[in-house]
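Here's the structure, in structure tokens; my notes come after.
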Amino acid sequence: MGGLFGIVSQTDCVADLYYGTDYHSHLGTKRGGMAVRNAHVFHRAIHNIENSYFRTKFEAELASFHGRQGIGVISDTDPQPLIIGSHLGTFGIVTVGRINNLDELVDQAFARKGNFSGTSDGIANPTEMVAKLICQQDSFEAGIEAAQEAIRGSCSLILLTEKGIYAARDRLGRTPLVVGRRPGAFAVTSESSAFPNLGFGVDYFLGPGEILRLTADGYEQRCAPGPRMQICSFLWVYYGYPASEYEGINVEEVRYRCGAALARRDDVQADFVAGIPDSGIGHALGYAGERKLPYRRPFVKYTPTWPRSFMPQNQEMRDLVARMKLIPVRRLIEGRRLLFCDDSIVRGTQLRENVQVLFDCGACQVHMRLACPTLIFPCEFLNFSSSRSTLDLAGRKIIKKLEGAEDRNLDDYARAGSAKNLEMIEHIREQLHLSSLIYQRLDDLVAAIGLPREQLCTHCWDGSSYF
Amino acid sequence: MGGLFGIVSQTDCVADLYYGTDYHSHLGTKRGGMAVRNAHVFHRAIHNIENSYFRTKFEAELASFHGRQGIGVISDTDPQPLIIGSHLGTFGIVTVGRINNLDELVDQAFARKGNFSGTSDGIANPTEMVAKLICQQDSFEAGIEAAQEAIRGSCSLILLTEKGIYAARDRLGRTPLVVGRRPGAFAVTSESSAFPNLGFGVDYFLGPGEILRLTADGYEQRCAPGPRMQICSFLWVYYGYPASEYEGINVEEVRYRCGAALARRDDVQADFVAGIPDSGIGHALGYAGERKLPYRRPFVKYTPTWPRSFMPQNQEMRDLVARMKLIPVRRLIEGRRLLFCDDSIVRGTQLRENVQVLFDCGACQVHMRLACPTLIFPCEFLNFSSSRSTLDLAGRKIIKKLEGAEDRNLDDYARAGSAKNLEMIEHIREQLHLSSLIYQRLDDLVAAIGLPREQLCTHCWDGSSYF
Amino acid sequence: MGGLFGIVSQTDCVADLYYGTDYHSHLGTKRGGMAVRNAHVFHRAIHNIENSYFRTKFEAELASFHGRQGIGVISDTDPQPLIIGSHLGTFGIVTVGRINNLDELVDQAFARKGNFSGTSDGIANPTEMVAKLICQQDSFEAGIEAAQEAIRGSCSLILLTEKGIYAARDRLGRTPLVVGRRPGAFAVTSESSAFPNLGFGVDYFLGPGEILRLTADGYEQRCAPGPRMQICSFLWVYYGYPASEYEGINVEEVRYRCGAALARRDDVQADFVAGIPDSGIGHALGYAGERKLPYRRPFVKYTPTWPRSFMPQNQEMRDLVARMKLIPVRRLIEGRRLLFCDDSIVRGTQLRENVQVLFDCGACQVHMRLACPTLIFPCEFLNFSSSRSTLDLAGRKIIKKLEGAEDRNLDDYARAGSAKNLEMIEHIREQLHLSSLIYQRLDDLVAAIGLPREQLCTHCWDGSSYF
Amino acid sequence: MGGLFGIVSQTDCVADLYYGTDYHSHLGTKRGGMAVRNAHVFHRAIHNIENSYFRTKFEAELASFHGRQGIGVISDTDPQPLIIGSHLGTFGIVTVGRINNLDELVDQAFARKGNFSGTSDGIANPTEMVAKLICQQDSFEAGIEAAQEAIRGSCSLILLTEKGIYAARDRLGRTPLVVGRRPGAFAVTSESSAFPNLGFGVDYFLGPGEILRLTADGYEQRCAPGPRMQICSFLWVYYGYPASEYEGINVEEVRYRCGAALARRDDVQADFVAGIPDSGIGHALGYAGERKLPYRRPFVKYTPTWPRSFMPQNQEMRDLVARMKLIPVRRLIEGRRLLFCDDSIVRGTQLRENVQVLFDCGACQVHMRLACPTLIFPCEFLNFSSSRSTLDLAGRKIIKKLEGAEDRNLDDYARAGSAKNLEMIEHIREQLHLSSLIYQRLDDLVAAIGLPREQLCTHCWDGSSYF
């Protein structure tokens, strides 16, 4: 995944850029970067954020940043922003997305005797590739359109140029961009949760493929949105921050509706409802509210120092870490029937350990409810974490076991309530030692989000790929 | 405040010490320290944790720690652990508490021509003072008892010696210590929430003034507990981690009961209940459950990078930071009647800003319920943050304004439901622009905790000081 | 300036690369970089060395470098090495030199719709420009030749490719490259002083424009040297390390001969001879030996912590620093007639301060002898420090004052012994408060080096520019 | 060893303290520390300088130091300065020296129930011991005198108190202290070479056991010097910086006289004279001058990055490092007869490697002349590096081999020109593969220094121990 933030202001924008970019930290764990432009000078810094926070890493050098325009990025992949010299002028660029045909585009560039300067491990930097595609044209607008045309996959981006900031959402709108406004400044962000504390109000949701140019005085459309959308449903289910909105629809509210939908189809007996922190909490509150059951916290996350997963060096420590974030509250667990909500099950290894801890603490029953259907098709459009390959998926493993082949009868397994679907879920339940296990139906999920199904990407559940 | 952790094991204890100490990070923001003992060698490190995490600071040098016995501390005051050379042998020491007669004790030491080596800013290090008092006697046990006798205030401590670890709770048991057991190891901790993920089960709650000696093979009482207890009530209300227990009573459950108690005396109309993160959440869940109202999250804390308050360098940034941790969710707030629970109001400045944000986002009403009575008497027994001086307290300011003197009729103001009490609360409500404001009654709080009132320190609400 | 080091070995080459590159630290103060190649993976790191040493900066990550081929650079300009993806394969590149027509070459690249990815401050990275020129051709050899043809100025370079290391000296041989050999490894270096402690013997001096390819098994000529050479004379006078050789001629020996040549034309009375550390020492030893005068050290450099100039942050400190490196030894100075040798006078400001200190310590007379003629023409071929602009030169300032114009009668002033030459020198002597001042004659300098005059660049003294 | 610096000024003294302390970096490699006093507040910092420079380590926090009085230390042993709270007031302390009866003094302190707070590895901090001894008395003066009386070994020290700075030289004056004066400030230093660049002139050499108190207005004697002196001769031979003076006698001049004395008793044929950098250079210049032989530099030290020995982590690198500092200049060595001067031979391992390099580079003969006699008795008075234990000494090893016992006939071996003395030297010569080897005679060394023999400690050569 990853997230973008850009700002143009009538006054210095560095503090806003710093905090605004930091508010995307939940979207990536690898690198953070910022660039500002001041007269004709660009100042840029990139840091590894695998072992420390974005803000911690940039704090020391913040005083050396000055400027009224800036872009920032949290990246799970390549180092960004890049500062590019070109016939279009010098510009900065940040991107988020995934280029499935990168090798092919690189070969085309080589055929033109183009070269890549930020190459490492023999692999071209995708953001440099995007920049190169843009520079092949005679304007930023034409360049971005040509890049969107050439890229198979998805790429939303922000450019920092002497004419202002260009914000461009990917062709099918898989990853959103939102414009915010406050007196004297405009900003564009992946997550609108970055706005309220910086004084910005949500002003405009970019459409699929749309290009805007922002200056301190306003913004104008440079390319109209396309007719078709495939926004990632998982943004609401898992990725997005609860305070964010996409297409005008708030994440936290969707999660309440997801939980409520699960509750309406459920009558299991439970002493209380709980969420697996953090992403299961919203779903669980919705469930508890609907069924008028108490909401309790049998797992408390130790946020003072385990806010997100920094990676310790050796494996022995790493195993220890896996157990450390969530602290069980034995007094709440012992002798109780617990119902947990979570967003989804990917591999299930972590969840299995959590369930074991609950039974070790004396739980009578542990029921699990998931906010979305079983994951069956790996994402081909965004940079999910590398572990999300096909056979990592708990559902897919079961299918292989049952069918003796990796990809037989997938549609049957995906259809809620079918015999194969129920068999697959029963196998997953057993593996996780759960008392019961229910997944959300896809139509309930689509209804909870509230957009027409054809505007949502639901590929990971039903393998669909409309466009 | 601050927190302690000690461990003795049949195998190397460093990883446990590291994680166990880290789990006290919510109790202090200034310094962290660890010491291990290996044969006759002590290895010790102390780091400033104002700008980074305990674990981050110690990670690099963890490989240089080796040993089967260790002590750790999160300290809001002096640098610890100290390694002391003495006629009792070399030993390590960590303490938590407050020494009100430090100057007097220092003068007595000077009269004996004793000197302090860790002095800075002209002020003796309290932990060094405690060590010095211990070294005046002929055994660790006699030394600790003499120190407890001499100290006015409170001091729980752990010693790392060649005979094992000594754990000693303060004379009136204001700050707890709990022993944990697992095969091959014993540990002692301020917060029992440090235990479950390290595989320890709660084994024993030390009594007031009790001294234990722990070795890898077991522990034995070296000084019996005293007859009187004054454990800090605020541990359950605010300080403690939800997964912790003191005197066998779990924090999270007390908070549910606090919220429920507030709810039983309340019938205000509200669309939903919410907690001010993090400490108000438990109280709010209890309230919501009791009144069967939905629990919602109109404020989400940005835990990925704002887990606790690191202090930025300049004031301009610092003001910005004050607003940054909590992100309002406008869709949940707009047009709604909100009921918030929080643990307490100290100065009220932060809460006033929060309330303002809620009304800015379109809230119709904002009601506030506090889990404890109005704070009127500053703590004299523990190291509350320095800002908690008398006139910082919101209640006390009002009293001064109404009475024209700082300390007139304090008992009247403290008595729940008295005219003066209600007048004081009404003034606070006005200042914070709240729609309504209700504080917990002290008897309800005592009942929610569940200990006899005479065993609880309730000084900050009623000025009592039993012993 | 700057310096290069490359190595190919049958075993891991990282330690050699690390130390070999470090031995070029006297040639630059801005950035250091290293890259190694291992199978198809490149590992690269670049650090700022303005505030710490090359070795100190790279030490922590040395363990992450592995490979049998590597290149390193000390750079006074752009960040290097670059790792370039291209139709020629992925390769690393380091360069040293100066591209006078960079803007023109950039414009040509823009016209081809090429872009620069490492741009900062709106200025293209010269090394990226060189890489781009190479990538326009169909082989590394053709690419390097085309680049040498296109560049006005000077560029020696090393490429790290899957076919081995390419070493290419600039077209007129201004900056040397030397090949070293030891069992199982070959290396190429700017300074042969990097060789003896790594076990390499000098094997081959590249000619002007020559291109070699080195593998662990040997090296072969890929482009023959050109007929004309203009190697920088200042390498022997000032830049080079005493243990280095260029064209088979050792630096320290040239300096002894320079000093001896000055001595043979001098009969001033002096109590002893001394050198301004470090670069004046060799010249002074030659002078003292020739005149059988004692050599003494009235200035001692505090090498334990002032080995080279790290730049403190504020100006007040910076002024202090200017005085700190050299400690005067009053007992040697008081009442004595001192004769100092130094390499040259650029601005003269530092020297003037040094002379003042000597007189403050009681010197009777201070005579100065310079190893080369008066600097009159700024270097157009190498990256001298930016301060060496025309009017910074002490001689040029005097000329402007005497002539009322910057560039009148320069040849007259340059001619040793002419009336104008002597008048200029007398003015410089006065400004520096020297008792006497004598510059080396150019023919004496050329003889001391020992190469035919037409093979030496003597531009800074006589304005010549043969090719 | 180690070095001290203290300053009192009418204006802020931080920059002077910083640079003044740094100028003692050649005296220690382990820790550096500074403390300043401002009104009643002390600010103190201590850093490990094993891997970086004193200035580099303190630079970042320099801005947090403010004050008109300060003390600094380069320490090879314990962390300093300490800030001590005591009945005499709060004070800072730095020491240099060696306490041979530390265990005994610690036991006495334990008997008084005193404790040590800075203990690590079970060993009391010697500086804390000195502070404790001082605090047993009723004034700083009485305390220092009592400490000097109690300590067996040597201890010079500086105290930072509210009454000014106390400077106290050890009882027998083994380690010197010098007072410097400039308008508005006084300073005291171990090495007077710290003075000229800070604007101080040498004002007063403290006598043995003398105590001074310095304020910004002047200084006064608080305890008169004792009648007997045993200043370390090795200060002039090796430890001291060339620009320093002790007892009014300059180090560099003593070295010239040492070399000249060697030359007067020598007639070996040599092409030129050279010094082993850095400490052999002064001796070699004296030798070359006396015999009218050229002085040359066949070894050049790579000072840009090898100014002093930082310790790399693994042994493989460490072995490499041993060879790296000195670069041989083959053109000067090949076919020549070389005569080298050095200060002394301790273990001889490094020198043996150097000699091997010279022969590898084609030297015909390598003659070695040492500035002092053979080291036979390990130092008992100062903290020489730990490797200087008895059997590390090259001479002592030979004696053991020849005599079959460690300490038989030592006086015979020590007597210059005796049969045993010559036999020992011949064995050392053989081991080092030297063409010839001559040590200085002790009477020549004493004459070169210029003090009466009974005022010099010559223990390491003759085992004498006058007092």
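In order of appearance the chains are A, B, C and D, and numbering begins at 1 in each one.
The definition used in the following text is that contacts are C-beta pairs under 8 Å (C-beta built on N, C-alpha and C of every residue); 3 or more make two chains touch, one makes a residue touch a chain.
Keep in mind it's a predicted model, so treat the numbers as computed, not measured.
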Chain C and chain A - chains in contact with each: none
Distance from chain D to chain B - Cα centre to Cα centre, in angstrom: 51
Rounded Å distance, chain C centre to chain D centre (Cα mean): 36
Cα-centroid distance, chain A relative to chain D, in whole angstrom: 62
Interchain pairs in contact, sorted by label: A-B, A-C, B-D, C-D
Chain B-facing residues of chain D, complex: 40-44, 82-87, 90, 106, 110-111, 113-125, 128, 131-132, 135-136
Touching residues (chain side chain C, partner chain D) in the complex: 15, 19, 22-23, 25-26, 51-56, 59, 193, 196-197, 241-243, 245, 250, 252-253, 256, 278, 281-282, 285, 288-289, 292, 294-297, 300-308, 310, 312-313, 316-317, 320, 323-324, 326-332, 357, 361
